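In structure tokens below, several structures.
In the two complexes that follow, chain A is the common piece, with chain B as its partner first and chain C second.
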Partner chain A sequence: MLNQKKLIVSHAPFCHDGSSISARSYHMMLAALPAVLIGIFQYGIPAVGVVSLSISFAMIWELAINKVTRRAISIGDGNAAVIGLLLAMLLPATSPWWLVITGTFVAVVIGKHIFGGIGGNPFNPVLIGLAILMVSWKDFFDFNEALVNYDLGFAMAYPLSVLKQLGPAGIVKYSMIDLLIGQQAGGIGATFGLGLILGGIYLIIRGFIRWEISVSFLAGVFFTALVFNLNNPANYASPLFHLLTGYTLIGAFFLASEDSSSPVNFISMLIYGASAGIMTVLIRNIGANVDGVVLAILLMNLINPLVDRIRPKALGKVV
Partner chain B sequence: MIKRSFIGLAKTWMEYDALDITQPEPKKIPTSKKATLLLGRSYDHKDSILFNIGDKVKTGQKLSYSEDSDAYVISTVTGTISSISSFIGDYGKSYTAISIDVDENEETDDQFKAPAGDPTLETAINYLTGAPGNPSFEIFSDPEKSINAIIVCGVDSDLLMTTNQYAARADSNAIEIGVRILKKITGVDNIIIAVPQALTIDAAGSGAEIMTVDSEYPSTLPLLMVQNILGQVVPAGKSCEDMGVCFFSAEAVASIGKAFDDGRIPVTKTMTFVNKNGEKTLVTARIGTPISEIFKAFDVTLHEKDRVIVGGPMTGSSVYTEDYPVQADTDAVIVQDRDDVALVSDYPCINCGECIRICPANVPINMLVRFLEAGQYEEAAEQYDLYSCIECGLCSFVCVSKMPIFHYIKLAKYELGRISTVEETNA
Partner chain C sequence: MTSKKELKLAYCLAIILLVVGVISYAAFPAKAPEEPVRVMYKGVAGKVLFDHKTHTAESGYGLSCTDCHHHPEDEEESLRACGDCHQIPAEGEAAPQACNECHEPDEIEDSEMTKRVDAFHSQCEECHKDSDIGPVEDDKRCSWCHFM
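After this line comes the complex of A and B, so read on.
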């Protein structure tokens, strides 16, 4: 059997649907683009700076870890870039460079690689990064203070802190339409509600995120806020306000649905999403923090392994 | 080949190929100069084997391995044995490979003629194992299993092929005879023929009860057929045979019918050949013909790193040589150009959940695969439902990380099987 051609031998199946991690990442970034562009349009060069710095450093940290741990170079899968982009979207445009670099370091190295890299992280890396920054340098996340030098032609007070300080009476100046089209202060890519919704719907239709999580998260926020609002409209804002402010929308479509830290079974996804939504409003309405999305999702990440045990019975399983 | 739809949310919908009813006769692959028969027993040159290099064999002649073994193979050609060697198939299954230099003048052995007159289970066991479609009768002589239903598959077990649908349509007479004989020799009255909707008319004359099967993959896999046709759920880890159900392909039943009807054992296998460009053609060839003959007939040039698949795209197996002979159960031969070969990656599971959405058996694959990767097969079986898997391969097909999940699953089952065999022998 000389001159044998060397054929490729492998196990079945011999075809693949063509999906890939990189396609997932790139579409995630594509879907985030409208919101980011509006942010850049509003805050100008500083926003460009934060976004570029965040993406490039997320990738640099990833590369560094690849080198240090001598693993295959994995920046090509786009996951690090997504982490960088999402982190930037949550930050105020005025974030100093070292804050961004630290944030990406925490997100990529501590949030992701310490747990074994992609797929191994029990928490959303972006939120780990953000949470550490928020705890350590609180002042930068006081959007009122951070954005004090901007005058973009709309109320530059962060809606959620206004709500915290003045109650619903203070927020009458925000029209829902304004909130929806991004006429509010906040993170670079977190304010343009319409863009985030469209991006989210795109991701859902293309199957890049799990719709169950996003929808149940939004429903959780909506109904909890509704209950509060109906009981005491003088103290608690309307559900729509909660949906359109803070990190709610970016949380629903881009953060809560992060693959590795969220469940995959149907009922578990609903429980997970809804609980995170409920928790968000609880923190906002009766907790001390201004926004509750970050904490709520991290908390649900923590119990995700438990929640995801609720799964349909496997075929032919005798219990 | 099949790709994810733009709307990724929609379930990936994979349909079996339907038989083209206007299709012309299958293309005949000429008998090659050399044929290789695989006898289902490991080869040991110290055994006193009943045939030798240089022996003349006739078409239809039975070649038994040795006096104290039941293993045999039916020669599908006339010629001279040129070599006997050992051949290892998938998962360590070993064979004795018998190469035959084929003579121009064909002679037919008529040893089967006499016993064919009075069909018995014994005759079937003694002569028809390895006939086209690979009928298997051992189960009926296994005292531990009692078979009470036989499902004849007029459907194909994998995508792209139409081999058994063709048999169900073209050989309906032989199938009718085959069903009658099966009833007689096995004593099983409950024979069901499973066909796609379009072939119900062709199956009508078979004398078996007709059941239609969905055209969506993987509804023709045995475990799902038992569930959908007979309404029985096979417990995880048990086989269909444990439940009293066994399967014959339509082609196998046709072979039984033809063999007993004209006293000659059929030797020609029908297959679906899928060319590099995806073109599908039904072909017929002698069992034992090297698949390179098929390539020759279709002017296929194989390059380095192309892939040759015996069986279907989801469950078949790739072979390393184009000398691989056509077997009794080779329902399809597929060539893939090296540019179309889908490769696996060494990425870990990213927990995207695609496999969970598509698995027909509700296996928690995202968890299972973590244990399989770590080689923790027992945990995988106990906690993560390894044995519920019906081996459809869909999880690997959709895996975003391109993990060889199906491979892991088969390997785990194989390893666990080996462990339990060792334990049984030691007990």
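After this line comes the complex of A and C, so read on.
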């Protein structure tokens, strides 16, 4: 029994199964596509402009930093394109061109390459880019103001702003089905919940992201919101509303699960995801910010190395 | 290390999307509609999102233009932003610039323009209270409209 062999590794040469970083990147973009297409369908050419410029400039900045630091050209792995796409999905369709260019610069250069490139970043580069933009030019991220000229046939006030301003009494006009199918104001690719869920499930099934992080994040949001809601339904919205609004779903499947800034061990992933979910609702319900996903995930990125120390005991180790 | 094929694909993607992005921004600049859908008013007490369309549409409150855009009456001229007239005159001026477009300075030298904040408060509150959809007089009275 003691000699039972659990893992057998034969010697080289090994056979490559064909997987690569670029395959992962392009599958992530594919998974995000339904949500992006709905955003483009709703907001039209301005959304096309933001998405296209964001992806292309993320790649241009990566190419530029490769040249400056004299390292191998890495835009072929598609990671920069994913960063550009995810950033665009979080931006309002009316974002000016310089906001997109600045955001991609911060995300790719400061968020990723300063730490040594792919796999070395302690924070999610997309969120670093977005957080800097939100702090610097917060009016562009007030979706009520940014989308003031759009009339898409549904309630166009940003649901989380309405909740903050009027409490649960103000959000009765939003049906959960409408929120799920993207009938809400928000980022270009962050509103179509159904598409994000399907994209996330696809990535989980293909093994590109870990279900533990996504599920624990959503559970963290759900149960924390439930506690608030049960405690005082007149002041706090239902957990389902928190799940379907703001950046919750894109955060669960595309942001919190970023590989380099999230843990790899089972228990650590659960703690990381659940903590980010809990923080999100705490920020929304108690904090000053309307949406807490960006700061909650960034904060949990910070404790990632710490929680990742919770790991199975090494074989043969006594203490 | 990425293969040459992947690199080529990335270059193509970057170039095509750059062209599409630049064309989208340059050829289709965002234009505000002639009649506003919603208007965001900003002030020290927070922002106020005013749903212009709901106030004018028949399915909404069905107000006529001149119910709010009251001066001059029955003229296309009156359909301008409220703040054009309801503002503090520039230094050295007796009246806001918009007034001088129609009036001679001596004609309006004794009249005082209501400030924008006061004009909005009286216009919005009065109408909402009359229709019984106004702010409730409690501790959340301000946040009925204002949002920080």
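Keep this in mind: the second predicted complex is superposed on the first by the 307 of 319 C-alpha atoms of A that agree within 3 Å, B and C clash if a C-alpha of one lies under 4 Å from a C-alpha of the other, contacts with A are read in each partner's own complex, and residues count from 1 in each chain.
Basically, a residue touches a chain if its C-beta (ideal position, glycine included) is under 8 Å from a C-beta of that chain, and two chains touch if they have at least 3 such contacts.
Source: prediction; values computed, not measured.
In the superposition on chain A, A:5 makes contact with chain B only, not with chain C. In the superposed model, A:137 lies in contact with neither chain B nor chain C. Contact with chain C, but none with chain B, is seen for A:59 once the two complexes are overlaid on the shared chain. By the touch criterion stated above, A:223 is placed in contact with neither chain B nor chain C. Once the two complexes are overlaid on the shared chain, A:81 sits against chain C while remaining clear of chain B.
In the superposition on the C-alpha atoms of chain A, the part of chain A touched by chain B in one complex and by chain C in the other spans residues 20-21, 72, 77. Contacts from chain B toward chain A in the complex involve residues 1-4, 6-10, 12, 223, 233-238, 302-309, 311-323, 334, 336, 338, 341-344, 346-354, 356, 360-364, 366, 385, 387-388, 390, 393-394, 396-402, 404, 406-407, 410. Per the touch definition, chain A reaches chain C in the complex via residues 20-22, 45-46, 48-57, 59-60, 63, 72-78, 81, 94, 97, 142, 144-145, 148-151, 156-157, 161, 164-166.
Residue ranges of chain A in contact with chain B, taken from their complex: 1, 4-21, 24, 72, 77, 116-120, 204-208, 210-211, 259-260, 262, 264-265, 311-318. For chain C in complex with chain A, the residues that touch the partner chain are 1-3, 6-7, 9-11, 13-15, 17-18, 20-22, 24-25, 28, 30, 32-33, 36-40, 47, 49, 53, 143-144, 147.
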